[in-house]
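Both of the next two complexes hold subunit A, though its partner changes from subunit B to subunit C.
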Partner chain A sequence: MTNWIDACAKDDIDEEDVIRFDHDGKTYAIYRSPDDEFFCTDGLCTHEQVHLADGLVMDYVIECPKHNGQFDYRNGEAKRAPVCNHLGTYQTRIEGDRVLIGLG
Partner chain B sequence: MSKRDYSLLGEDARRAVETGLSAAEWYHTEIPRKEMKALMKRANQPALRDTIILFGLMIIFAASGIALWPSWWSAPFWLAYGVLYGSAMDSRWHECGHGTPFKTGWMNDVVYQIASFCMVRNPVTWRWSHARHHTDTIIVGRDPEIVAMRPPALFHIAMNFFGIFDAIKGWSRMLLNASGRLDPEEATYVPETEHQRIIRIARIWTAIYAATIALAWAMHSILPLMVIGLPRFYGAWHHVMTGVLQHAGLAENVLDHRLNSRTVYMNPISRFIYWNMNYHVEHHMYPMVPYHRLPELHEMIRDDLPTPNSSIWQAYKEALPVLKRQLAYEDFFLKRDLPPTAKPYREEFHRDALGTPAE
Partner chain C sequence: MVIVGAGECGTRAAFALREAGYEGSVTLVGKEPHLPYERPPLSKPSNGKVTPKLIANEERFVEADITLLTDDPVTSIDAEAMSVRLQSGRTIPYAKLLLATGTQPRALPVEGGEHAVTFRTLEDARAIFKAAETADRAVLIGAGLIGLELASALRDRDIGVTVVEVADRALGRAVPAELAEIIVAKHRDKGVTFRFGTGIDKVEPSSVTLTDGTKVEGDLIIAAIGVIPDTALAETAGLEVGNGIKVDDRLRTSVPDIFAAGDCASALHPFYGKHMRFESWRNAQDQGEAAARNMVGGDNAFARVPWFWSDQYDLGLQITGMPDPSHRVITRQLPNNARLLFHLADDGRLMATSGIGTGNAVAKDIRLAEMLIEKGLSPDADALSDTSVNLKKLLRG
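Moving on, here comes the complex of A and B:
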């Protein structure tokens, strides 16, 4: 059963941007797309464990701030070296003005 | 401190991983997210302008050199062409490897491939090598791109002003890769999935060089090699002159780019050739900021950084005595003062590594 966690307010994230969310000893990245949809992935790059929330969101791509590795944050697909391994993704849900992420 | 082992397979490499120096968290000057986002934002226009100028000048200089060949009047054109081929391509390789100059991905990739060929750096291998350089900047045994090791090999560096060791190593590595093999050190930072790409590119390059040599043979002239290959020797001096200053004489095994990188104010021509990599502390702190935004980033964080060197000349006046002293005493290095507005160096993170600074 999905455990829904209240992560942030919708307005905490600008359009085409990302924030970091830490929960239960793990770190996540929550994105707001140019189409005003919300997505959630693991917070650390699969290459060198850098926080993706410090990176740049370009359309549906998150770029790691350290080495320019890129992922499609909608499905976690690794798009550009030096990242080779995909990113874990999590469901999101909007309730009022809150963003919830589905863990477990 | 014991002798350093810069090999990626040696004792220092093992120790760096064990002590947490590798893949560690580094100091960053704080910048509000909105401003950082604005700085990282991509644009095509500045890099398109610079690339048109660069390739336009290369065509003009090479055509003039060919037209005047074999007269000595062709020499200035070759020297100019050589600097663009053997030095400006170094910075294009570097920047496009980061994927930041152009907004459009394929433009970065095209310039990256051309620049990699000119610099004789396999574009796959060197993308990974440079990623490691940014993860473990000047960490002994981890960083494969340390130019001035301790004690500094000054003869080696001097010869590289004419590309001697770097270019020959590049071509040797190309032939090794073209034969289907990788150097054992390469294999430590390039994943296996990329090995076939390395080999394929090396074979394409080998074919290009073979065709160029065949043409020179048929023409009984080195002219084709003046256009492809030899500029890596006769035009290398500028990229070595600026590149040595990036980290030489500064600290090793630290986690603060203010201690191991150098920002140097340079003239506009050098900055064009070097694509603003003179803002090197800034580049290492925030590698995803495109070259054309680095002057703004510099203005934003300069109060937290050591005073930049005022010119290439002044930077060498500072660095050379340090390198000279390291010949006899390799723990010696330059630790530059921070302005009163800066956050202090976190000594507790690198007290053991710092050794004896030259204040």
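Moving on, here comes the complex of A and C:
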């Protein structure tokens, strides 16, 4: 069963941007897309454990702030070297002005 | 295809040949005994252990059908016969050759200079951090990026550190004075002693005598006074060299079918209109990729501006482009003492952006600034200094 966690307010995240969210000893990245949809992935880059929330979001791509590895944050797909392992992704749901992420 | 040098550049190039669809043989020749590893983590060992982070494991080389030869340096190139000769005596023919030979640390040219260890390879890192287990005091000669990153790593181990620098300030080559001062202040806070404006007279096994006559004791002495491009091999083939192996904007050397890329290459750069040699991790990757594509029929100029970062204690520095003292500087103050400096040419064009903050606080903006630079834009100075203006807006106009 999906465990829905209230992560943040919609307006905590700028359009086409990302924030970090820590929960239960794990870190996540929550994205707001240019067309106002919300997505959630693992918070750390698969290359060197860098927080992706410090990276740049352009359209549907998040770029690691250290090595420029890129992922499609909608499905976690690794897009550019040096990253080759995909990111884990999580469901999101909007309730009023809150963003919930589905874990477990 | 033969690639000489199995560092970041050569290894990236080998895989890029496959990504470009090349199906013939690819041989990557390295002089070190290890699988290719990333150099940047060497100065930042975690838990006191230097563990190599591989660029690719053995399986990936097998999957990509790349022949990796380690511990067998290329000793000469025969450009007429189009072959390279290895130390083992083996000869390998090539259709195209890429030189990604990197750099060598500059040796300290003074009496006893051999007592100062240098820092470049996995062995160097292992030796230094092994010595650090028992050392009390270190003397670091050279206040460049490598020297200061090592100072930070050694202070984290509670080793006393004195940094000696012949120039009157730190990071004089690559970092604007304003940011260098912030970094030096952080080092001082952490207990590092600086001796600026003084050279080295001689080095003994456990002390360094400065040109002003003072003697600094240390049981670990490290010279980090820059690197020299490794052009010896290129010279055997009669390639044009001069602060690196000279290449055009396609990364072709003066001899047909031989390319050069990465730290060893001095490339004609369309953005700067002159030959430029960069020593950063990303440039090694990017030029390796670009050279690989041009080796298999591509015809693209390499035009990316440089970008690098350096972490010291909790501070993260990032710079894109080449800041120059002649530039007009616009400052953008960010939350939590983070700061961006935009460096503008006389005509208002953005030439470089430097930034510092805690962790990766400036990373997003530096990346956007890089795109502004590469587009050749001249953003409004008021917009650059105004924190409420998202750089993304300036990029998209």
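Basically, the second predicted complex is superposed on the first by the 104 of 104 C-alpha atoms of A that agree within 3 Å, B and C clash if a C-alpha of one lies under 4 Å from a C-alpha of the other, contacts with A are read in each partner's own complex, and residues count from 1 in each chain.
One rule holds for everything that comes next: a contact is a pair of C-beta atoms (placed from the backbone, for glycine too) under 8 Å apart; a residue touches a chain by one contact, two chains touch by 3 or more.
The model shown is predicted, which means the values in this text are computed figures rather than measured ones.
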| item | value |
| --- | --- |
| Touched partner set for A:80, first subunit B, second subunit C, both or neither | first |
| First, second, both or neither for A:63, with subunit B first and subunit C second | both |
| Touched partner set for A:88, first subunit B, second subunit C, both or neither | neither |
| Subunit B versus subunit C as contact partner of A:102, first or second or both or neither | neither |
| Interface residues of subunit A shared between complexes with subunit B and subunit C | 48, 54-56, 58, 63, 65-68, 81-82 |
| Residues of subunit B defined as touching subunit A within the complex | 23, 36-37, 40-42, 98-100, 105, 124, 127-128, 131, 134-135, 191, 193-194, 286-288 |
| Touching residues on subunit C, where the partner in the complex is subunit A | 12, 15, 41, 53, 55, 281-282, 285, 309, 359-361, 363-364, 367-368, 390, 392 |
| Interfacial residue positions of subunit A with respect to subunit C in the complex | 14, 16, 48, 50-51, 54-56, 58, 63, 65-68, 81-82 |
| In the complex with subunit B, residue positions of subunit A that touch it | 17, 47-49, 54-56, 58, 63, 65-68, 80-82, 84 |
